[in-house]
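You will see chain A twice below: alongside chain B first, and alongside chain C after that.
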Partner chain A sequence: MLPAAAKYGYLNAKVRALRSRKLTQEDHHFLLAAKDLPACLSYLATTSYSSCLPEFEQEAPELRFLERQLARPLLTDYAKVIRSLRGAKQQEVILALFRRFEAENLKILLRAQFAHLTREAVSHLLYPIAHISRLPWETLWACTSIQQCIDHLPPDIFGRSLQNALPQFDAQGRLFPLEMALDFSCFHLLWEAIYGLGKSYNRTVSKNIIALYIDILNTLWVIRLKIEYQLPAEEIVNYTIPGGNIISLTCLNSLARVQDITMFINLLPHSFHQQLSEIKDWGNIDRSLEAYFLHYLARVFSGQPFHIGIAVAYLLEKEIELSNLITLLQMKALNFTIKESLARLSWQLQENGYVPAS
Partner chain B sequence: MFRPVKLTRVTIQTPEEHIAEVMAIMGDLRLMHLIRVEDTPLGHMGYVAHVNTELLGRYDALLIRVNNLLEALQVSSQPPVISQTPRPDKLIFRLEEECTTIEKDSLETLEKKQHLHSILGAHQALIARLQLLAPLEIEIERLFALRYTTFQVGLIPEENFQRLQTSLDGIQHSLIPVNNKEGRIILLAMALKEDEAILLRALKSAFWDPLELSTSLQGTIPSILAKLSTEKQEEEKGLADLEAQCKKLAVQFGGKLLLLREELLLARQLLLAQEKFGQIDHTYLLSGWLPKTLFKELQQRVMAACAGEAIIEQVDPAHVKEVRSGILSIPILFNNPALIRPFERLTTLYGTPTYEEVEPTGFLAITFLLLFGMMFGDVGHGAVLCVLGYIIFKKIYRYIDYGIILMECGLSASVFGLLYGSIFGLENIIPALWMHPMENINYFMTVAAAIGVAMISTGLILNLINIVRQHRYQELFSASGLAGALLYWLLAALGVRYFLVGPPTPFEIAVAKVSSGLLFTLMILQRPARLLLTRRSQHKKGPLLLQGMGITFLESLIDVLDELLRYLANTVSFVRIAAFALAHAGLFLAVFTLADMIQHAHGHGFFYWLTLLIGNVIIIGLEGLVVSIQTVRLEYYEFFSKFFRGGGKPFQPLFEKKRTPESTHNHN
Partner chain C sequence: MQWKKYWMWLISLFYVLVPTLSLAQETVTAAPLSPEAIKWGFIAAAIAVGASSLGAGIAVALVGSSAMGALSEKPELAGRALIFLGLAEGIAIYGLIVAIMILGKI
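What follows is the complex of A and B.
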């Protein structure tokens, strides 16, 4: 315990300090209560997201130009967490988690190449990651073809996976194989980093968090590929991410084959059942699973505090907060009512609702 | 050398039928800076540019064909220099015919080679695929003969294998791993024919990279591989024969093709130059700047080519209306000897001189070499720079100018090395013809300041010449003009007197005080006085002292003080020559001390010499760079700022004359 306290004491303090800057119940309340997008952004300007909001006096900025900028605090937190860690192996775990954002930007770059769009045309879709990313972005953006881009990538996991997926891209004439290769390689890297921690409490906590994250992600992907894309089961299973803990490959295979939502929920592990018991609609599963995951992450903070899992949990928690915030802003832009908005968010407002001071 | 080439404005009016001949003549003369007629007052009179796009298209198409041939035959020698420019409209016929002839003789061989190359490539790919399947000891035709079963051979990432198996749970299937390659499994996947679609979908989603096999393959894989290897060897032999034939063709046609390309490029450039011509009905008008010495030749040739039907006029730049009114500026064509020409790059980096200004490259070259040599004086280091410069001069055509500069700098450093008695920092091998800098620090600093006074004085004289040439007489009384120069020389003379003879006499001091006071007053008053005179010349009435005159006086006072302070700072700045020469010697001291220490520590002479070698390399690299930067700084800020305004336009000849190491241009 004492060596762990010495090693992760600073990280623990740092993460808890960062966590205190998350949106509070009061913030949730006023963001939800805002009458429209400008009002919502005005309130957001009083929170820790103020630094990424442009100054606007008359018209609110277009949301599509704002979405990626809102990720700035999260990405800054990544840099801060990485700096708070002493060991290279521990840093690798957080960097591996971060590389998902690099992968997203790479996808945008590939899409831009594919559609012959300039960097300026898609710049609003890029995460502001220049301060952490090690990829040669200037060189990559100067490339004139997808093949050239991939050739210029360092020969790490991204470069290798994309090279391997190139024949499928050429054969299918679509970016899907390349994008899937990037997603797979992100999690591959994450697992490599976690296993690099050695047999320790650190590894167990991080492994459990990431495994649950993958389980939830796989479940949501199965639903999406099945319902939205109507893909056959034999394809869906191949598009799931390896590394889940409680949902096996066989279970995913069965989930891909059932059509009824009740049967689908019954096939899921028992631990999910309580959270999903009242779900009658495919569209509501994601926010329930997200809420389940948030509860799990919250529990990480209540146990032994000196481990890297606390940083992983915080960063994922913050990421979900960002995703909910963007959903909320989108709904405000579309003039949804509070009730309609609540139905699409995983914030537990009704349970732990803000009570205004009287 | 100190003036650009004298130019004359030439206007040629020629009937349409002779324009091609005129263009050819211009191509031969090369040194014509065309003015776009549409941009001159003639453009408003209806003269418009007309490029023969059809002919240009023919040239472009032919250029592609010639380039393809050159690439296919791998011709890469130096292009020839063309001495005579034929008419572009006639030339195209000859060039097309010549290209067709070469194509007729070489295309068959080239196509055969390309075909064989692609066959060989396909065979190599098939061999590579089959080698992956070598462990699968099965006859390929038996797989193709299966009636109820379908099969696929290919690669999948190792991590996808388990998911692929799970995804095929619903159908009868068999997945047989055959081999491993770079994290991927070579797999033989089989399923019932009726489940082929499911198998293909599952494989596709598992990032399947199929290995295409042909139904024509008969036998086991080792036997097929043996057969293919024999075929490949034959193909390689055939390809080698064809390559030998291609080499012969390259020898036979290479020179001709290079000449063709040069002619094409020249003619194409001529056609593009038409954009600057003016055309009205059936008459063409060309206008531009030409070296005065070439006008007679141009006139004779144009008149002869047009059978006297052309009108050709020349106007002296001073009489060109647009030049006088400032609409048009005369381009500047440098006129320097070969050894000074590379320094034009440094001049143009600062600015392009105007036609009336003194062309400063000559001064720059001389002073640059002097300053560099003084700061970097060492026979050995100079020799190294000379050798480096020679290598660049010989090997890197692009940087030939820098090669020459480096050689000259090396030579200068060597000369000063002789004067300082220094070879690779060793000062006891040859006697110093002048002095050892480290032993004469004060003297060296005085010399450096004297060089500063001399260079600034030169700058001031050049400025006076520029003032007179550009008729800026009002500047004569300013601090940067004659008045400022006189004051500077007065103070400099006092300084020289002090250092050479001793303190000035009271009388000399009194004279200096009165003269300085007068000059100072003149410099301050000249601007307000000019303002008043201008007002008077415009016949404006009103009070004698204008509103804001106080401010004008104050501004004038500050300007004068600023300028005079700058004279002082510029002069003192030259002391850096001595400082860097001393730094150069000081670095040697450090290197020798270090070498001695290392020798004592290791007790071995090898390390002593190794340290000296590394130290010298560092000094040459580091000090060479620093001294170059300091020299450029002195040239630009201390010297050029005194007289050089720039803002001129470079002369853009119709064609750049090819520069080879053997050829230099001197337009005198």
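What follows is the complex of A and C.
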């Protein structure tokens, strides 16, 4: 306990201090109650997101230019957490988690190359990661083709996996294989970093969090690929991420074949099944599973405090908060009512965030 | 209610007088200590101060680094952080008190 306290005391205190800056129930109430997008943004300017909001007098800035900028506090927190960690192995876990944002920017870069768009045309879609990222972005943006871009990537996991996926891209003529290769390599890197922690409590906690995250992602991907893209079951299973904890490959295979939502939920493991037992619509599954994940992450903070799982849990919590905030702002921009908005937000906001005026 | 007041006075008097009298008795009846006992007394006092200072050092290191972590994000917590640092520092004072008590007996 004492060595762990010495190693993670600073990190634990810092992460808890950062966590106290998350949006509160009161904030959620006022954001939901705001009459339109400018009112919502004005309130947001009084929260921890103020630093990433531009000043505006009457007309609010376009939301599509704001969405990625709202990720700035989250990415700054990534930088702070990485600096707070002493061991290189522990830093690798957070860096691996961060590299998902690098992968997202790489996808935008590849799409821009594919569609012959300039950097300026897609700049609003890029995460502001220049202060942490180690990739040579200037060189990559100067490239004139996808092949050249991949050649200029450092020979790390992104470079290698994109090189491997390049023949598939050439054969299919679409970016999907390259994007899947990036997604897979992110999680591969994350598992490598977690297993690098040795057989410690650190590894157990981080592994459980990431495994649950992967289980939820796989479940949602199966639904999306089946309902939206109507892909065959074999192909769906190919696109799932290995490393889940409670949903096996056999279970994913069965889930990909089922068409009825009740049967789908019945096939899920007990803990997911309990959470989703009252769901009747495919569209509600993601919010319900998100709520389940948030509960799990909150439990990490009530247990033993000195481990890296605290940082992992906080960063994922903040990410979910950000995605909910963007959804909320989008709904404000589309003039949705509070009732309609609540139906599209995760459980935490629905149950605790908004207190209707009596 | 009056009798309750008297009882309180009596109990307080008991707790004040009994240790004082016993200490006074000890000083009267205490036999001179052997050089061996004095030697061990000094060693015990040194260990009490040394070990408690070491413990306080570790505690201040842990509390201090955690306080720095929290203060870097929430400077308004400085007052509360100082209280916890003081508690950690107090461990050294316990050792010092024990050492003074030991030295008082030698």
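Convention: the second predicted complex is superposed on the first by the 347 of 358 C-alpha atoms of A that agree within 3 Å, B and C clash if a C-alpha of one lies under 4 Å from a C-alpha of the other, contacts with A are read in each partner's own complex, and residues count from 1 in each chain.
Everything below uses one rule, namely that a residue touches a chain if its C-beta (ideal position, glycine included) is under 8 Å from a C-beta of that chain, and two chains touch if they have at least 3 such contacts.
Just so it is clear, the structure is predicted and the values come from calculations on it, not from any experiment.
Going by the contact rule set out at the top, does A:261 touch chain B (first), chain C (second), both, or neither?
It touches nothing on chain B or chain C.
Quick one: is A:211 in contact with chain B, with chain C, with both, or with neither? Answer first, second, both or neither.
neither
Would you mind checking which one, chain B or chain C, touches more residues on chain A?
When the residues of chain A touched by each partner are counted, B comes out ahead.
Once the shared chain is lined up, is A:132 touching chain B (first), chain C (second), both, or neither of them?
Neither chain B nor chain C is touched by A:132.
Based on the superposed arrangement, let me know which partner A:63 touches: chain B (first), chain C (second), both, or neither?
Neither partner.
After lining up the shared chain so the two structures overlap, which partner does A:5 touch, if you call chain B first and chain C second: first, second, both or neither?
second
Return first, second, both or neither, reflecting whether A:21 touches chain B, chain C, both chains, or no partner chain.
In the superposition, A:21 touches chain C alone.
Under the stated contact criterion, what part of chain A meets chain C in this complex?
Spelled out, the residues of chain A in touch with chain C are 2, 5-6, 9-14, 16-18, 20-21, 84.
In the complex, go through chain C and note every residue touching chain A.
Residue positions touching the partner: 58, 61-63, 65-70, 72-74, 77.
Of all residues in chain A, which touch chain B in the complex?
160, 164-165, 167-168, 171-172, 177, 180-181, 184, 188, 231-240, 242, 249-250, 252-253, 257
Okay, in this complex, where on chain B does chain A touch?
Those in contact with chain A are residues 157, 159-160, 162-164, 166-171, 183-184, 198, 201-202, 204-210.
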